[in-house]
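What follows is a pair of complexes built around subunit A, which joins subunit B in one and subunit C in the other.
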Partner chain A sequence: MKKHGNRKGLINATASLISIALGLIFGFVLLMLFNMPHALTGFSNLMTTGFASSEKLAKVFYQSAPLLMTGLSVAFAFKTGLFNIGATGQYTMGAFLALVGVVQFRLPWWAGLLLGMVGGAILGSIPGLCKALFNVNEVITSIMFNWISLFVVNLSFNNMPLMLANAWGAINKDRTASLTGAKFMAYNPDATIPKAGLDQLFGSNYMNIAVIIAILIAGLVWVIMNRTTFGYELKACGYNRFASDYAGINAKRNIVLSMTIAGALAGIGGGLYYLSGTAQYTLVKSLLGMGFNGIPVALLASSNPIGTIFSALFVSYIQVGGDALQPEYSREIIDIIIAAIIYLSAFALLMRGWISKWFLRNQTENINAESIVTDSDEDATESEEKAE
Partner chain B sequence: MTLNVIADILSGTILFAVPLLLVALGGMFSERSGIINIALEGIMVIGALFSCLFLRAMDASGFGAAHPQLAVLGAILTAALSGLLFSLLLAFASIRLKADQTIGGTALNMLAPAFAIVFTWAIQGQGQTTILIPTWVRITQANFGFAAGNGFIERFIFKSLFMTTPIAFLLLIASIVVLYKTRLGLRLRSCGEHPQAADSVGINVYKMRYLGVAISGFLGGIGGFAFTVAAGSGFQSSVAGYGFLALAVMIFGNWKPLNILGASLFFALFKIIGSYAGSIPFLPHFDGVKSSEYIYLMLPYIVTMIILILTSKKSRAPKAEGIPYDKGGR
Partner chain C sequence: MSEYVIEMLNITKKFPGIIANDDVTLQLKKGEIHALLGENGAGKSTLMSVLFGLYQPEEGVIKKDGEVVKINDPNDANRLNIGMVHQHFKLVQVFSVLDNIILGAEQTKHGFLQKKEARQKVMDLSHKYSLQVDPDAMIEDISVGMQQRVEILKMLFRDNDILIFDEPTAVLTPQEIDELMQIMRNFAREGKSILFITHKLNEIMAVADRVTVLRKGKCIGTVDVADTTVDELAEMMVGRKVNFEVEKAPGVLGDPALTVQNLVVGDKHHGKKKVKNVSFSVHKGEIVGIAGIDGNGQSELVYALTGLVKPESGAVYIDNHEITHDSVRARNDLGLSHIPEDRHKYGLVLDYTLAENLILKNYYSPEFQHFGFLRFDEMNKYSDALIKRFDIRSSQGGVTIARSMSGGNQQKAIVARELSLQPDVLIAVQPTRGLDVGAIEYIHKQIVAARDDRKAVLLVSLELDEVMSVSDRILVMYEGEIVAELDAKSATAQELGLYMSGANRQTRMEVEQ
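Right after this comes the complex of A and B.
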C-alpha cells in the first residue's frame, strides 16, 4: 500500500511537471509572437533571474511565504471538497488584524500573526457556516465576502489615524504605516518578523524567517491531513459528504471547520507579508492578487501540502523572473503562462492516465492487477470529488 | 430629492443591470446544460477587449463617426463571437476532456485579463493600458433628431443609453423563448438535470453541453462590452468582478430568466444608490466617518448575501451541474 501511495504521488508530480514544461513552451511562443528580437533574452531572464543573485533569491522566498499560505488555504478546502475562492478576502482580513495588533495595540509580531490568523479564520468560517446551515454555495459567499472584507478593511484603516503612514512622519495617507520607519521603530521595535541573520546571509532586506514559518505550517497541515482522525474525516467528507454522514462523521461540522482552518491559513499569509517590514498595505478598491494566486499554487500541487511548498516557490520564482521581462514585455505574460499551466493541469486526469499506463508498461511484473484496480478507482473518486 | 435624481438613479440602475442580466443569462444556459461556468469573468474581459479594439479601429477609420450605431452593432457582434470562441476553451476542457470545471474556469479567469493587458500593450504600445471608448457610442437625442431636453423622461432615457440596452431586452425575450418554448431548450435543460436519461432518449449530451457553454460565451461577451460602456472610463483589462457578481445574480435568480432580470435590477439599484447616497435625503450620511463611501460600496454585497440566505430553502440548482458526463457511467 505504501508503495502504491508513492507511485500515485510520483504520477501527480510528473503530470504537474509536464504541465509546467508545456506552459513554459507556450510562454516562449508568446514572447516570440509579441516581440521577436527580445524573445530569447526575455525567456532566459524569465528562467534565470530568480537564481541570478542572492538578492533575487531572497525576493523569491519573500513572495513565496504568503503564496504558500494562501495556496495551503485553497488546498485545505479542496481536500474537503470545497472551493475556497475567498482566500484573498481572508488574506486581507489577516493583514488587517495583524497590522492593527502591532500598530494600534503595540503587540509583538507573533501576536500580530496570531491575530491575523483569527481574522482569516473568522472570515473563512462565514462561507462554511452559510454552506452548512443554509446550503448557500461557498463560492458565492466567498466572492461576496472578498469585497465586503476589502471595503471593511479600507473603511477601518481610514478611520484609525494611528494606522496610516502620515501619522508616522510620512506624507502619504493611502497606505499603512511603514513598520521600519525610525519613529515607528522607537514605538514598537518588535513589530516586524525577525530576520535571524538571514538578511545578512542573502544581502537583502526582504529576507526574514517568514518562509520558514510557512514551510513549518505546511508540514503541520500535512500531518493533520494524513496522520490524524480529524484529517481523515475531512477527506472523507470531501470524497462523499453523504456517505461520511452515514458513517457517523458530522459533515456539517467538518465543512465549517475546514473553511475556518483554510481561512486561518490565508490570514497567517496576510500577516507574514505585511509584518515583513518591507510591505505597506495600500488602500485600493481592487482585490489583492496574492489570494487569487493561491489557487494556481494549490492546483499545481494537486492540493498536497508538501507539494504546495514547491509550487509556491515555483510561482514566486517565475514572478520574480517576470519582473525582469520589463520593459520589452508587460509582466502579465507571467499570468498567462501560469494560467496556461493551470489549464493544462486541468487535463491532469487524462495525463495521469497516460503516465500511469506508461509506468505500468515499464514495471508490469512489479504490480499485481489488484492495485491497478484500486488506483483507477481512487482516481475516479477524486475527480468526482473535485467536481462537486 | 429632485425628480432628476430619481431619473438618474433609474437610468443608472438599468445601465448596470444590463451587463449583469446578460452574463447571468449566459451562466444560466451553461449551468442548465450541466456545466458550471465560473469563467464568466474571463469571457467578459475577452468580449470587452475585442469589441473595444473593434470600436477603436472603427473610430480610426472614420466609419464609426459616420454610422455610429452600425459600428456599435458590429462591436456587439465582435464581443459575442470572441466570447463564444473563448468559452469553447472551457467547453473543450470540461466536456471533451472531462476536466474539473472549476479548475478550467479559474485558469480562463486568470488568462483573460493577463492576455488583455499584454494584447493591449502590443497594439497600443508600451504602458498604454486603457482602450478609450469613442464618444459617438452613446445614443443621444440628436440620433433621433430631437433637441436635447432635461425633463424627467429625457434624463431617464437619454442620460446613459447605449445600444446594449435594447439588445439585452431582445436577448432576454429570446432566452425565455429558447429555454421554455423550444425543443432545444427542453433538451438542454434535461442534460443539466439527468444526462443519462437524456442520452437514453437519443439526445446528444455532449453537443447540448457545448451549445450551453457557447451560448454563455456569446452572452457573456456582450455582457463584457455592456459593462465597459456602462463603466465609462474605457477598457482597462478588467470588468471589476462583474462576472462573479453575475454568478451570484444567477443563483439569486434561481436559474430562471425572469428572476434573473429581477435579481440584476435589484443588485444594480443597490449599487447605484451608493453613488447617489449624498443626494438622497432619507439615507444616513455618516458624517463622523471618514471615507464613508465604503459603507455604500459594501451595500449590494451585504444585501445579496442576506437574500441568498433567506431564499436558500427555495434555491434549486440544476441537478447534474458540475459532473462531467460519462457515457459509460451509471
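Right after this comes the complex of A and C.
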C-alpha cells in the first residue's frame, strides 16, 4: 500500500512543482517583455517578498485563508465529478450573510461565519438540485448564479443603510462598514475573527486565526473524503456514475449534497475574509476573483484537500509578491503576470499525465507482462466499441 | 516463386512493459484457410495489426510472394491486396451499403462519383459468391450478419486476395456461421488465402487447413488441422489440459425465487419497445439461461430486473415480494446480485482500489462502517480473503487500482464480490467475457455451486456454448420477446439458432408450458 500511495503522491507533487516552475519561467519572460531593466529585481521581489518580513508573511496567510476555502470548494465538487465554477457567487453570498450577521444583527464572528456557510450552501445547492432533478449542467447554472448572487448582494447592501460605511462615520458609501472603526467596535466588539496574539507575533494587523480555521477545515474535508462512507459514495459517483448507480448509491442525493457542501465551504471563505476586520466589501459590478482563484488552487493540488493548503499558500504568496512589483510595473500588468503564473501552474493535471506515462515507461520491468497484454488488447476493442 | 503468399518472419512487437509478439513466424500458403488461435491477450490482434500496417514491428520482416515488403499503413496493405474484416465493423452507419463498399476506393470522373460501374461490380460479386445484400439499404437498418457481408464485399471490391477475418463468428447465429464457413471455403477454392482469427476450436476443425497457435505472445507452433484434435489444440492454446464439460449434478427445483410478469421495457431514445411482454420465473436451485443474439433486448431486461431502468409495465417479484419499483439498493438488500455485462461501465469504479471495489455493494453494512466511518481494517481483511478464495491476481493485492488489472482479473473481482454477498437470486450477464479457459472453468463451477446451494441463477450470455453447458433451462430472446423455452439437456445448437434468428418460434402456449 505504502509503495503505491507514495508513487502516486510523488507523481502529483512532481507534476505540481514542474508546473509551478514553468509558470514562474513564463512570468519572468513576461516581466522582461514589459519592463526589461527591472525584470531581474522584479522577479526577485516576486519570489522573496512573501518571506521578506513577518508582516508580509502575515499577509500571505491572511489571503490564503479565503483562497483555501474556495479551493476546497472546487476540489470537493471535482472529487464528485462536478465542476463548481460558482465558488465566487457562493463566496459573495457567504460574505454577505456573514456581514449582515455581525452588523445588522450584532452577532459574534463565529455566528457570522456560520451564517456565511449557510448562505454559500444554499447558493451551491441550487445548481446541485438542477443537475440532479433536471439534468441541467451545473456549470451553466453556477455561472448564472454567480451574477445573481453578486447583484442581489449589491442591491441588498444598497438598501441596508446600517451595513454601509457611511453609517459608521466614514464618508463613502460604496463599501460596507469597517469592522474595526471606533464607532463600530463600541457597537459590536466581537464582530472580527480573534487574533489570539498572532497579530503581535507577526507584527501585523492582518494576522488572525482565519488561516488556522481554514486548515482545520481542510483536514476535516480530507477525513470526510477518505475515511467515511459518505466520501466513499461521493468519490464513487465522481469516478463512475454508472457503477455507483449499479451499486445502489443514490447519485442524485450525492450530487445535491456535494454541491451544497462545496457552496458551504466557499461561503465560509467569504466570511473568513470579510470578518477579518481588514477588508471591506466594495460594491462593484464585477465578480470577485477570490472565487475563481479557487479553481487553480484546486487543480494545482489535484483536488487533494491537504494539497490545497499548500497551493493556496503558494497562490497567496505570489499575489503578495506581485504587489511588490509596483511602481515599476502597473497594477494591470502585475495581474496579468500573476494570472499567467497561476494559469500555467494549473497545468499540473496535464503534467501529471505525462509524468505518469514517463514513470510507466521506466518501470516496465516490474510489471507483470501478461496482464498488460490483456489490458492493451481489451482497451483497443473497447475504444473501438465506443467509436461505433 | 515462393510457396507462400505472405510470410511474417520472426516478428517481434514490443509495447511499454510487454512483448506482445515475441519472434512469431506465420506463413500463409496460397489458397489455404489458415487459422490463428490464441486466448485473449495472446497477441493475435497485434500480429494482424502488424500485417495490416497499423503497427510497425521492432524486428522481423514481412514477405509477399517471397519479396520483402514494408507495410507502413493500411493503404500499403491494400496495395498488396490484403483486406481485413475487423471484429468490430468499420462501417458508416448512415451510409448505404454501396457507399460503404466504395468508400476509400471511389471511382470518379472530373471529381464526380461514378457509382454506376461500382454498383455493377458489387452486384456481380454479390451474385458470384452468393453474398446477398441490398446495395441501397442503410447500414443501421440491416442485421449484423448482413453488415459482415458488406465488410466481405468491401475486400472483394478492392480485389484483395489475402483476406483476414478477425473473430468473425462472434456475432453470428449457428446458421450464419455455417454460411460464412461455406463462403470462406469458396474463396479458398478460388485461390484466395484466408487468415482466420479465432479462439473457437470447433470452427477451426471445421474449416481451416492449418493452424498457428499463439500463447502469451509466443508462437507455440503451426500444425495441420487434419493431424490434430480439439483437445490437443486446447492444450497448445492454454498450456495445460482443459476440461470442457461443465460438471453438474441434476438440480433440485425449489419455489420460484425470481418471477417476471408481462414486463415491458421501452427504449430511452426511440419509442420502440426493447422488451415486449416478457414473463418467466427462475426457481431456487435452477440455472435459467437466456440465449439470443446481441441487441435483442437481453440488456434491457436485465436493467429492468436490477433496477437500473424503470419498466413501462409489468411486475417483478423476488420470492413473493414485488420489487418492480424498488431502488437498486432495496433489491440488493433482498438478495439480488448482478454480474453486469459491461465490467468497465457498471461493474467497477476503475479508479478505486481492488479492495474498495470488493465492498462496493456492502460498504454501508455494519461490518464495514462504524458511525459513517469506513472500517479499513475490516475492508482489507475481507478483500484479502476474497482475493485468496477467488485467486484474483494483481500487482499489489487489495491496494491495486482496478484500472491497472487485467480484464480477466477485473471480471474475477466482480464475480467474487457478487457471489460473496450470498445472494438468493444471481443475475449473471456474460460472466466469462474475455476470460481465459481456466478462469471460465472456475466461474462456471462457482455458478453451478451457487445453484446447488439452492440459489436461483439467471444466466444471460451471447456465447451459445456457455448457455447450453451451464443452464438447466434455456429461454431464447428474439426482438424483445421470449420465443422459445427449451430443456438444456435436449436442446441442440441448430435448434437454438433457428429461434435466435427469428426463423422459428414456439407459440405462447408452448413457451408457457
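Definition applied: the second predicted complex is superposed on the first by the 328 of 388 C-alpha atoms of A that agree within 3 Å, B and C clash if a C-alpha of one lies under 4 Å from a C-alpha of the other, contacts with A are read in each partner's own complex, and residues count from 1 in each chain.
The rule we apply is simple: a residue touches a chain if its C-beta (ideal position, glycine included) is under 8 Å from a C-beta of that chain, and two chains touch if they have at least 3 such contacts.
All of these numbers come straight from a predicted model, not from anything done at the bench.
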Partner chain(s) touched by A:135 [first = subunit B, second = subunit C, both, neither]: first
Which of subunit B and subunit C A:155 touches, first, second, both or neither: first
Touched partner set for A:246, first subunit B, second subunit C, both or neither: second
First, second, both or neither for A:292, with subunit B first and subunit C second: first
Touching partner for A:342 - first (subunit B), second (subunit C), both, neither: first
Which of subunit B and subunit C A:232 touches, first, second, both or neither: second
Common interface residues of subunit A - those touching subunit B in one complex and subunit C in the other: 384, 388
Residue ranges of subunit C touching subunit A (in the complex, touch as defined): 15-20, 40-43, 45-46, 86-89, 93, 216-217, 306-308, 327-332, 338, 340, 344-352, 356, 360-361, 363-364, 368-369, 372-374, 393-396, 398-401, 404-409, 434
Complex contacts: residues of subunit B adjacent to subunit A: 38, 89, 93, 97-104, 106-108, 110-111, 113-115, 117-118, 121-122, 126, 238, 240-241, 244-245, 247-248, 251, 289-292, 294-295, 297-298, 301-302, 304-305, 308-309, 312-313, 315, 317, 322-324
Touch list for subunit A against partner subunit B, complex: 30, 34, 83, 85, 130, 134-137, 139-141, 143-145, 147-148, 151-152, 154-155, 158-159, 285-287, 292, 295-296, 299, 327, 329-330, 332-336, 338-340, 342-343, 345-350, 383-384, 386-388
Subunit A - residues contacting subunit C, complex: 1, 3-5, 227-230, 232, 235-236, 239-240, 242-250, 360-361, 363-364, 366-378, 380-382, 384-385, 388
